[in-house]
Amino acid sequence: MLLKVEDVSAGYGRIPVLNGISIEVGRGERVGLFGPNGHGKTTLLRTISGLMRPTHGRITFDGRDITTTAPKDIVSLGLIHVLQGNTLFPRMTVLENVLLGAYSKRAWDDREENLARIYELFPILKQRSRQLARTLSGGQRQMASIATGLMGMPVLLMLDEPTLGLAPKVKDELATAISEIAETGVTMILVDQDIELLLSVCERLYLVERGRVSLETRRGEKISQEDVLEMYFGKAASA
Amino acid sequence: MNALAPILSAALVSGSLYALLASGLSFVWGTVRIFNFAQGALLMIGAYVAWYVTDPSRAGAGLGAGFTAALFALAFGGAVLYLAIVRPFIGRANSDLMVIMTTLAAATFFENGADWVAGPRYKNLPRLATGNIQFSNTAVSMQELIIIILGPSLLLAFAVFLKRAKLGMAIRAVEQNRDAAFLVGIDIRNIYVIVFAVSAVLAAVAGVLYGGEYFITPTMGDDPLLKAFIVVVFGGLGSLPGTVVGAYMIALIESVSRYYIGLYYTPPILFGVLIAVMLVRPTGLLGRAYQ
Amino acid sequence: MKRLRFLLTLAAVGGVAVVLPLLITGAYYQNLCILTLLYAVVASNWDLTIGYTGLFNFAHIAFFGLGAYTSGILTVKYGISPWLGIAAAIALNVVVGAAMAFPATRLRGIYVALTTFAFTELASALIVSRTSLTGGSAGLVLIPSISFAGYDFGVHNNGYFYLGEILLIVSTFLLRALLKSDFGLSFVAIREFEDYAASRGVPVARQRLVALVVSAVFTSAAGAIYAHYLGVASPDIFGFGFVTLFLSMVILGGSGTLYGPIVAAVALTFFTEWRELAGYGDLRFMIVSGVIVAVLLFARSGLWGALEAIWRLARGRRRTSDAAAEAVAEQNRVPTEAGPAATVTEPQAR
């Protein structure tokens, strides 16, 4: 297993969000997380990337215990977290944003080659490279955000709701790009509300509810999209 | 017409000094989100360190050595100040307000410490260069000319560093989005230390320049701090261009008011302008909203 | 029962207040006590705004200084009675306090500190500039002493001693009553959760107005009495020295406690004015500032909080729920600089 999250609890102040959650991600695997809003998906990613400390439990990455490791050290292991809501450095150019993605020593020397690959994946970013990030459209910002993550040469890439709030056409474009990234063989954790996207990209899905995994399913297993949707909305409605 | 040259030269001299000190304040606010009330005390320490190294009655190593010593001492001092009285509070509730208190305490500590160590006798540094240059109907001293040139050049170099260097980029990244900065692998703790050290160095430069113009006393930093304070609020906390523009504007208002209205009425005019700006535009002329 | 306890307390405090000036007769110790009483009034009223409404401000330095100058100028230049001077000082500062509440209710956090600091400096700059009226940077001198029924307080300092006691007692009882009222409880609501309190209909603006005006009354009275007692009012009142001294009393005593700043005022006034330490002026202030940082670091509830903790331990009645809550809060504090950002930026977790 590349990433192991064991019985992790975490929260904000006195409000617990994760209640002993456990997930596993194998090398080269693409894993999707879904579930109602506010039930801990984002918090789980933030805890894995070191932005939050778990109050309980253990996280290991590539055999190393990273439960209390500082975010910058986690990044330099190749565990890259792309935040929700196309979070960029708003008053920097697109190029500066993307270059900052290669900040860690591990990725800095290869930044030129990686930049070329990323411009291939997202040609629009090349056109906009001198523009300030805050002047981009929502979809472009999301692309720049993912590009920034890719510049860190991820071993494991965590994308938090990359298609949130995008128009259908832009969403399709991004979904294609994400599939392309997935095909490069990078290990991935994808959080999204779009089950179709998750099913097309991921081999395995976790349903996260009330701070723990309430269901795990594989793409191979006979589970139709309708089943997932029903499960998801049924439970969400009762929650 | 006769008034133009003296007013302008005075405004440029004090504007450059204010810009140096205020940039440090503003820069620290922009990245660390705290307000350093000890910035004036750092200026004072810079002047004293330079004096002890320079003055023939002490080390007597010359002004060049004194200047250099002040820069290094304050880079170190700024970092230590951060580690001792700022870092422990970051992450706590109301950290910005707690740090007002700790930096005020630090200022008191340093001012009394300087008085204790150096005694009450007034001191001053030699000038960086002697002689005057006639500028229209006004004689501008070489020292003043150096201040007018050195201040903006240093700040320009600083701006280029922020724009071009990898470390400069990281500093801007921290200022703009802390979480995202963490996630690209920037070590924010180190950035904060560096930011404090840099702003202390700017204060040290201002201190050495002040020390050649005015007397060195334990409380010499109070008035410049106050002016820097007006400057950052006026120009916009956290915005470097705003701070520099604010510094020269405040210096100009001050200079005009001193010339036409008088020395004693100038501070009320400055504070009047300041309070008006704060009520109309609470984030300053070029500042951004803060939450 | 409650009423009885209140009356007993009142009687005890009153008794001590009557007896104390009779016991402490040396001019030196009387002076220390009078300064302590006046400083305690300033510190505890400043704490009403800092500790209870969470409004970190420098307004009280202005209230204190303007109080001293208003009464001083009116009595020196216009020859009115010091009592009327004190009343005028209070009236003026109620207006000033209300005016300060305007920016204080519009702005947040650091900007409140900055505007009120700027206002204090403005007041000081104005006073220095109007030399003919205020004595300029040399200060206003020959301010007449207060007298009552032919009894000149300047001759017998007992008068100032009693006056200081009365001011502190009245101020403390009023602050106490204010804080115990529903209105006072909502102060704390604002401090803890400004947005939430506002959204639940707690009138944030009115509260800050009340806090500033009420504390302006006592602070300016203390300033006026201070000027009559010393016979001078100098611009030093507005300086860093007084700011740090008063703020230290609030922080060391424990901001957000009623009696903490009073206790700290006693300790700090004696420490900074004590003649045995006269040769160590600088060192004393260095120690005080070191202690401030230490208190902020290790004992956030200040001297009063420490006293309370000892008291609770001694009575074996430690309020475990509070202790547990504190422990939880402490545990959840992320020890890196990620703290504040990490706890507030997730829009999803609600």
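Just so it is clear, A, B and C label the chains in written order, and each chain counts residues from 1 on its own.
What we mean here is this: a contact is a pair of C-beta atoms (placed from the backbone, for glycine too) under 8 Å apart; a residue touches a chain by one contact, two chains touch by 3 or more.
Predicted model only: the values in this text are computed from it and were never measured.
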{"item": "Per Cα centroids, the chain farthest from chain A", "value": "C"}
{"item": "Most centrally placed chain - per-chain CA mean versus overall CA mean", "value": "B"}
{"item": "Chain B-chain C separation of Cα centroids, rounded to whole Å", "value": "31"}
{"item": "CA centroid of chain A to CA centroid of chain B, Å", "value": "42"}
{"item": "Between chain A and chain C, centroid-to-centroid distance (C-alpha), Å", "value": "52"}
{"item": "Multi-chain contact sites of chain B, meaning residues that touch two or more partners", "value": "179, 182"}
{"item": "Multi-partner residues of chain C (each touching 2 or more other chains)", "value": "334-336, 338, 341-342"}
{"item": "Sites on chain A at which at least two other chains make contact", "value": "50-51, 70-71"}
{"item": "Of all residues in chain C, those that touch chain B in their complex", "value": "54, 56, 102-103, 106-111, 113-115, 117-119, 121-122, 125-126, 128-129, 131, 136, 240-241, 243-244, 247-248, 251, 281-283, 285-286, 288-290, 292-293, 296-297, 333-342, 345"}
{"item": "Chain A partner contacts - residues on chain B that touch it in the complex", "value": "166, 169-170, 172-173, 176-177, 179-187"}
{"item": "Touching residues on chain A, where the partner in the complex is chain B", "value": "49-51, 70-72, 75-76, 80-83, 87-92, 96, 99-104, 108, 148, 152"}
{"item": "Interfacial residue positions of chain B with respect to chain C in the complex", "value": "29, 35, 84-85, 87-92, 94-98, 100-102, 104-109, 111-113, 115-116, 178-179, 182, 188-189, 192, 219, 222, 226, 229-230, 233, 237, 264-265, 267-268, 270-272, 274-275, 278-279, 282, 290-291"}
